[in-house]
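Consider the two complexes below, in which subunit A is the common component and subunit B and subunit C are the respective partners.
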Partner chain A sequence: MASKTAAKDIITLRGSAAIVSEFFGYAANSILYNRAVYPEESFARVKKYGLPMLLTKDEGVKSFISNLNAQLSEWLEAGKLQRVVLVIMSMNTGEVLERWNFSIETDNEVVEKGVSREKSDKEIMREIQAIMRQIASSITYLPCLDEQCVFDVLAYTDTDVAVPFTWMESSDAKLIANPQMVKLHSFDTKIHKVNTLVSYKNDEEESDDEE
Partner chain B sequence: MDMGYAHWMVTEGRKEKEPPFSRSPSSEAYRRLLAETLNLNRTRIFAFKNKPPTSSSASSSSTYHQQPKPAKPRRRIRQTSERALDAPDIVDDFYLNLLDWGSSNIVAIALARSVYLWDASHGSTSELVTVDEEHGLFTSVNWAPDGRHLAIGLENSEVQLWDAASNKQLRTLKGGHRCRVGSLAWNNHILTTGGMDGLIMNNDVRIRDHIVGTYRGHSQEVCGLKWSASGQQLASGGNDNLIHIWDRRRSSMAAAHQWLHRMEEHTAAVRALAWCPFQANLLASGGGGGDMSIKFWNTITGACLNSANTYAQVCGLLWSKSERELLSSHGFTGNQLTLWKYPSMVKTAELRGHTSRVLFLAQSPDGCTVASAAGDETLRFWNVFGDPAEAAREKSAPKANSEPFSWVNRIR
Partner chain C sequence: MSGCSFLDLRALVLSRQPLPTPVKPLLSVKTEPRMILRTPAPKRARPIEPAPIIESPPVGSDHRQLAIYEDPSSAGPARREPSQQSEHMLCTYQCRQMVKADFLDALSNAEKQVQDYQSKLAELNDNFGKADEERKTFREKLSYVEQELAAAKGREQALHDQLLKEVNDSHERLKKELELSAKLQAKLENEQNLRKKAESTAAAAEDKAKELEAKLGHISKSIEKEKKRFNNELAQLNRDSKFSITKITVDLEKMEFRAKSSEQEVELLRKQQEDLQSKFSECLHQKSELEKRLTSLSFEDDSPKESDILVKHLQEELRNYESEVREARKLKSAHDSIELMKEKLLEEKSRRERVELQLPKLQEYELKINKLEDELSAWKLMIQDIPGVSCCDDVPLRISALQKEVIDNLKKLGEVNAHLKQMQVVLDKTQLDKQKTETEAALAKEKADRLEAEVKRMNLMLSAVSEERNMLKIAIEDFKSKNEQAGGHASSSALQELESSLLKREPYIKELEGDLFAQKDINTRQQDEIKSLHDRLNSEARKVKSLERESDRLRSEIFLLESKLGHGDFSAANTKVLRMVNTLAVGNDAKQTIEALQSELQRTKEKLQALEEYKSQSGNSGKLVDSYMSGKVAQLKEQIATLEKREERYKTVFADRISVFRRACCELFGYKIVMDERQRPNGIPVTRFTLQSIYAMNDDEKLEFEYESGNTNIVENGYTSTSEISQQVDIFVRKMNSIPAFTANLTVESFNRRTLS
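This part shows the complex of A and B:
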């Protein structure tokens, strides 16, 4: 990583958790918009990460995502969140069509000792911006979803968490058989590193070898 | 000139131009999948219970043209109740069966020591009977197939038989059970009763010595009791986590009161039982809080065909009469009714509104509406299986309903 001449900012565990869960909220909205899970007109434009981002106006989806984020923040602060997966399924058949996988590596020293780290806020924003751009451009290679879809979110945590009241444990990871996978950029707050990966159902027409 | 950004763009930005597929070598994908599966030993997966709303398909933008589906177009299921009535003092006991909807379109509901009737055709209520403390609470209600006679089980082990048309009590069955009768099921003129003593008795209501048979098998309270449509098999579920299938066709005397099958797979009390209307010998059962699954059985062989985890206590089950769908009612924590497609067990709808476990379920005679009651003291109606207006149009002549009551009371 290139050294920055600009001043570094202090990142605390709580701050990092907030950044990651906020990122997830915007990323989820962006995915829902770009993959047309909800109609275009149900989104409003806002400015974030130096980009025009889209947020849903639907109250139900809004509250789903914000409740989610509240719990994710809590798990992130405890260092227990391993990954978050946004799953897109066909509404009619329930088949999993796409999986947006955000895996999280946590610096346990920070969780255990409560230290903080330093990194420029701008740098983190830029990294997130790159990921958002990639999500938007993913429609160029992801197969067309031409049926009505619904989404769901799975959170993978360490085994020693208490089951939160409004969550249920699922043994169904909603995996896709023989998926195509594309790795997107990552971002790192120095406390949490988030890696993004999208896996999708193998389009039968693709003759590409997975070599 | 921002050197940092430039550097990053030069080095990392390059990756964007590579074709995506070359970035997923099959071995890496396999390893990842393997790691994912193996990781599950050190990982727990959670999903948020309240699912996000589905986008309204009717107003979907022109970009996403609705593909013509081979099956019937999806009907719109309202996820809120059509109507909610007050059901004060309803007993929130998992082992009782306090709600039934008769073929004359009257709903019978037991509220503590009173039984009320709600005529669905006219929306009128009346009180059928109230008992004193000696009798204890009413613990079960069940309409006879004629929709006119009603059997009501009591805490003191008696069962009352009423003629709802004339509002008269016809008889009381005594001397059978020794504790409360929590479940009832009619088979023509035979009233089968299930008690807290674990016994199941077949009573011929026409004769004086009404007990014509006793089925022994359950060691704890019988909370689920259902005869198959043909009347040949009886399914019973108990607090001992067992399901028994009893078959009337067993001819030999010795085996007559022995169960045909005993199913032990559930790990909690089984009160939810429902025979499939479109496939013979198929039974669906639901387990309580420690089990949370819906299981499907072939009642000829006793084999378990399928098991689906619902992640919530299963309190009731009803099959749709017109579609291949199953409705389940749940307790902690969603208190919802879930509609499943059969046999895929894909969730089609979740009906919310109750604020405590939905113990009691009943289906309207036209098959469209489901009545549910819970400890939150409400009786709710859901047009989950179809639109009653449509069903009425399809029928040639409306059912002639007798108006048994001259007074109209509201359930208080």
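This part shows the complex of A and C:
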């Protein structure tokens, strides 16, 4: 936890893991809202990172994301998490339409020795704010999802990680063939660096096929 | 100017004949012999003794010389003959007179010549003075030149030293660069070999992957074709089913019509039956009346025979009626059985027709099945051809393994790229060094060119000085000879001094020439070295260009790899992909399937009701439709049951886990935690946690916290508003902003209270 009693600039491993897992929770909610995976009326407005964020009111989705965040923060504290992917698929065909890729680079020295780093909280919030804005503005270039969609979450971890009860190992990484990729901003807590990238199905292929 | 004047003097000196020898009066001088015979001497045998022959020059010639003719007869007067003596005396007097005149002429000429020579001497003396001055100037010039030579020597030595230093430095740098380039070349070769190997393996893997992909494409195409075929077949089956449904409806209509007709018949039969029953009841009634009458009549016994006969008749009628009723019932049952048989016949006819219609289709299906079996066998053969694959399920695994191999190879390529980047850095450094050496070589060239120009100038100067020296020597020698003839001893010492100084300078000049030659050699060597350096630099530049091209290629490959990494590819050796069990999708799917199944259930129920009504009216007419619909309904019910079981399982598992977690939290932290979801008036959802310590004395000792978007705040209640607790809240929560410290302190205090109490 970022110590509030001492100077605000000290970041510990646990605090960084909490920041990253919280960021993923809000990012997932933002993506689900912006991509209309769930209807608008199922989201509630809250203030976070200096922006009006939307959180789902659906109990199932809420519990899913909270359990997910808990597991992600555990893996982040152990330094075992490499990547988190939020996959949006068609409900009818199961085809993967979008892949929101959050790759994580961990400072192993912090994990091994337990040292802390220094970075201003405001700067981290600013970086996260920029990413949230980019997620919100992604609807301008991402293709429209006309059909009903569902989402799934994949976690790329080290091979020595024990698979929890509510998780299962998957050989299918749910990749998109010949995707279009857009790289978004990244944020860095000096312990964990998160790079965001969205890859989506090339809409030109569909238009070519139709022609 | 001194040179010109000296040359003019020289010209003057050379244009003239060698100075005439001083004229000795009346002395025989053997110079150019010119015989002037006054009188031809008789031809006599000359004596063996050498007689002095004196000749006089012709009149008017510059080369006059006094020649005294001596009669050879005078040398040997004893030989003359006395007969010719008088004539000879006359002749000799005339000759002598003539000779005197000539002699006098010659004297005058000689005097004139002497005067001329004296004037010439004066001129020569003047010239000699000028030559002395020029000599002095030349001496000064020589000294100046010597100083310049010494300075040039010094400069040359300094330049030579600098050049040597620079050449040594450039040699050392070149050696280092050559060593570096050799090392880099070796590294490049190694990495090229590695890259080639990696490329070859990657190409082989890509080829394999392409082949597999092509095969997969073929298989997918064939699967799609089969799907299309199956879809077509399904469409045909649907059409057949529709056709059968229409037939069934037609049959149903027929059955309905028959049912109606049978109903009418049944009504008629019922009416008949009612009539018969009414008749039967009447008969029974009549029978009972008759029996009563019989019983009453039995007492009278007037005409027992008629009543008996009546009774018998009635009984017979009754029996007849009963038999008729039985026959009617039999007829009715037979009619029912006939109708049933008819229906069965119709069903069997319809079945037969359907079977007959589907027989050609069976043949087609058999052909299709044979084709499919052939294709399956072909696929199996193809799968057998694929190495490492034994069945269809192994194909994706094999493809994933090949993809992993490709990714590993690409990783190796990435490592190679990293090495190449390092190489590029080193190459950039060598390029910079090369540029530096080039500039230094250019500077050295310029210096060498300057030195060469200076050397050339020095050579020219030396050649000019040596020419002047030679000319001076010649002039000095001529002057010497003239002075020797004229008896001028004053300038000889100066000339000797000049000569000695010139002789002294000669070794210096030789030394300078030797140094110049050595420097020329050094310069040629340096130029050769510079040429070789240039060649090496050009070759290195070519290598650098080729490396740059390779780096561009590798950069493009790196870009492709990065795009693949961003795409989501991973290496199974380092990474595994975990997926959370998504109950949302399952739940959603289950809900939707349940809704769909429920709607289908309702429709089928309605259909069933309608069919049951028809069935109740017509009997077994809707058996076929019932069986089909019942099968579907059973399947749907099974699906619903499995989904509901799954949901219940998930719920139980979750409930168990939650309860375990809650118990563990309670035992570990000493607080029972109850979680509530509430909503504020502004619509924002808030989670409220109520904590009760296991060491609490009362049930009122509860702590309430509100959790909202990552922030936890304590809620005031009756327990927290007490003085002790409020103090702790102020210290731990508000000042130190640490809720865990507050709760820990509270548990310790409550534990102490409990233990003490």
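Descriptive notes on the structure:
In this text, the second predicted complex is superposed on the first by the 196 of 211 C-alpha atoms of A that agree within 3 Å, B and C clash if a C-alpha of one lies under 4 Å from a C-alpha of the other, contacts with A are read in each partner's own complex, and residues count from 1 in each chain.
Quick note on the criterion: a residue touches a chain if its C-beta (ideal position, glycine included) is under 8 Å from a C-beta of that chain, and two chains touch if they have at least 3 such contacts.
Just so it is clear, the model here is predicted, and its values are computed rather than measured.
Superposition note: with subunit A as the common reference, subunit B and subunit C are in steric clash. In the superposition on chain A, A:Phe64 makes contact with both subunit B and subunit C. Look at A:Arg99: by the touch rule set out above, it reaches subunit C but stays clear of subunit B.
Look at A:Glu123: by the touch rule set out above, it reaches subunit B but stays clear of subunit C.
Judged by the touch definition given at the top, the superposed model places A:Ala44 against subunit C, while subunit B stays out of reach.
Look at A:Glu109: by the touch rule set out above, it reaches neither subunit B nor subunit C.
The partner of subunit A that touches more of its residues, comparing subunit B with subunit C, is B.
In the superposition on chain A, A:Thr166 contacts both subunit B and subunit C. Contact with both subunit B and subunit C is seen for A:Leu154 once the two complexes are overlaid on the shared chain. Stretch 601-609 is the one among 97-105, 511-519, 601-609 or 727-735 where subunit C clashes with subunit B after the superposition on chain A. Across the superposed pair, subunit B and subunit C both touch subunit A at residues 4, 60-61, 64, 67-68, 71, 82, 91, 150, 152-159, 161, 163, 165-173, 175, 179, 181, 183.
Interface of subunit A with subunit C (complex): residues 4-5, 22, 44-48, 55, 57, 60-61, 64, 67-68, 71, 82-83, 85, 91, 99, 101, 150, 152-159, 161, 163, 165-176, 179, 181, 183, 197, 199.
Of all the residues in subunit B, the ones that touch subunit A in their complex are 3-5, 7-8, 12, 15-16, 20-26, 29, 32-33, 36, 39-40, 42-55, 57, 59-61, 63-67, 69, 74, 309, 311-312, 333, 344, 346-347. Residues 2-4, 36-42, 58, 60-61, 64-65, 67-68, 71, 82, 91-94, 123, 126, 130, 134, 137, 141, 146-148, 150-159, 161, 163-173, 175, 179-183, 185, 206, 208, 210-211 of subunit A touch subunit B in their complex. Of all residues in subunit C, those touching subunit A in their complex are 397, 400, 563, 566-570, 572-585, 587-588, 657, 683-685, 708-710, 736-738.
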